[in-house]
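Pasting the structures here.
Two complexes come next, and they have one chain in common, chain A, joined by chain B in the first and chain C in the second.
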Partner chain A sequence: MSPVMVLVGVLLGFGSLFLVTGAVGLLRFPDVYTRLHAAGVGDTLGAGLILAGLLVIPTFGDHGWVVELAAGHGWHGAEHGVVTSFKLVSILFFMWVSGTTACHALAKSAHLAGVVPWRGVDGGTEE
Partner chain B sequence: MTRKTIVRVVSKALIPFILLFALYTQFHGDYGPGGGFQAGVILAAGLVVYGLVVGLDALNAVFPPAVREVCAAMGVLIYAGVGFTTMALGGRFLEYGVLTPHHPEHGQHYGILLVELGVGLTVSSVMVILFAAFAARARVAQTEVV
Partner chain C sequence: MILSGTMIAVLLAMGLTLLRALRGPTVFDRILAVNAFGTATVLFICVHGFLAGRPDFLDLALVYALMNFIGTIAVLKYLHHPDLGSADDAPAEAVQMLDGGPGSGGAP
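So, the complex of A and B:
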């Protein structure tokens, strides 16, 4: 197995792990803020790692654009990889921007609507 | 308005790209995944975000209710119009090849382009109509409470 494929596997594996962790947190955490924390943070990191994993092959794979350029094949051979990489980076950018903003908007509207944060099993009475 | 600065700034930066991506999906439908339905939904999503952030009145100014209704009907008209045009030219309903008898593949290209345009127009208008209907209901409920 080539080092490139190992890198892809590691990135996809960790990305999936973060997404699963986020999903478990979304189901198990007690209130809206903690659930948002699990879903928002987990998605941001998980999606980032998965897209980074997908980026590896069009960039550093057998016909990746970095490899093609380094081999001196010019832009003609690299074009397809560059387009794919650009699309993936755009997806990453939009997911990061829109996901975090949606998370912020949800948390803020919960706060403005007067949702009281969870303070522990005993309701925060014991200090 | 200062209470939603982040949402305003981010949506202001993203909405042009959402609308551009809708056009990309619309015209990419000829030779890849995509097409009128998805493009219409993406276009409507951009407009709905605008309506959510800036307000229903601003959305109504950008895409007035009367224009929405005309667009929704116009899309169906384009779709059916292409179908009946091909029938008038001697083909079957939506048999695009008869549009350009000497190059049937060109006719198929134009036909699909037009039909997808109709689908995109109707889908985006109907999505915005649905959103505006629900948003207006919330407004009515609010004024009743006050």
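So, the complex of A and C:
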């Protein structure tokens, strides 16, 4: 097991953990604003770690690991490595920028529409 | 094997997010859930591209990310302005028409 493979495994594992955690929080939190917090975890940390883990493969992976990963499905290896890395970095950058902007717009829109924040189990809007 | 596990996690997150989109009491819950579902879709396409050995799928993922953001902003704007072409600095009579004033119903 090469060190690159270990790094990919750690990044993808933690990204999957954060993504599922954000989805569970999105399902179980009591309010729009608290659900925004949970979805923000999944959007930034989950997507960021998963895309970073995928970014390690074409950037730092040796050719044997890449060929073993592709399992003979027509991966061309090194000549596509730079282009694939650039696409992953652009997806990561745009997802971070657009995710935070959409989160801010959603919170402002809900506040302007009069959605009352959750004040606790006994004091506020129940689910 | 690592990529397969990541794909299962992404599918699980997509299912939970879709459940919130179906259950959400307010419309903002549904918009938030659809936005998170779009993010999970982008990740699914990326992981599938690497799993199948075809990184060209990243182009599709980039387009999905762009359209997800634009769609969310468009729906949020449509909730506050019934006309997507309106702006905050619109003339006063246009705002009156949007509010159902005496001039509403006719072509400008």
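What we mean here is this: the second predicted complex is superposed on the first by the 106 of 127 C-alpha atoms of A that agree within 3 Å, B and C clash if a C-alpha of one lies under 4 Å from a C-alpha of the other, contacts with A are read in each partner's own complex, and residues count from 1 in each chain.
Here is the rule we go by: a residue touches a chain if its C-beta (ideal position, glycine included) is under 8 Å from a C-beta of that chain, and two chains touch if they have at least 3 such contacts.
All values reported here derive from a predicted model rather than from experimental measurement.
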item: Touched partner set for A:A110, first chain B, second chain C, both or neither; value: second
item: First (chain B), second (chain C), both or neither touched by A:V32; value: second
item: Partner chain(s) touched by A:S98 [first = chain B, second = chain C, both, neither]; value: both
item: Which superposed partner A:V24 touches (first chain B, second chain C, both, neither); value: second
item: Partner chain in contact with A:L54 - chain B first, chain C second, else both or neither; value: second
item: Partner chain(s) touched by A:L12 [first = chain B, second = chain C, both, neither]; value: second
item: Which superposed partner A:T84 touches (first chain B, second chain C, both, neither); value: second
item: First, second, both or neither for A:G42, with chain B first and chain C second; value: second
item: Most chain A residues touched (candidates chain B, chain C); value: C
item: Common interface positions of chain A, toward chain B and toward chain C; value: 94, 98, 101, 105, 112
item: In the complex, chain A residues that touch chain B; value: 94, 97-98, 101, 104-105, 108, 112
item: For the chain B and chain A complex, residues of the former touching the latter; value: 3-4, 6-7, 10-11, 13-14, 17
item: List of chain A residues in touch with chain C within their complex; value: 5, 8-9, 12-13, 15-17, 19-20, 22-24, 26-27, 32, 35-36, 39, 42-43, 46-47, 50-51, 53-54, 57-58, 69-75, 80, 83-84, 87-88, 90-91, 94-95, 98-99, 101-102, 105-106, 109-110, 112-113, 115, 127
item: Sites on chain C touched by chain A in the complex; value: 2-3, 5-6, 9-10, 12-14, 16-17, 19-20, 25-26, 28-29, 31-33, 35-36, 39-40, 42-43, 46-47, 50, 52-55, 58-59, 61-62, 65-66, 68-69, 72-73, 76, 79-80
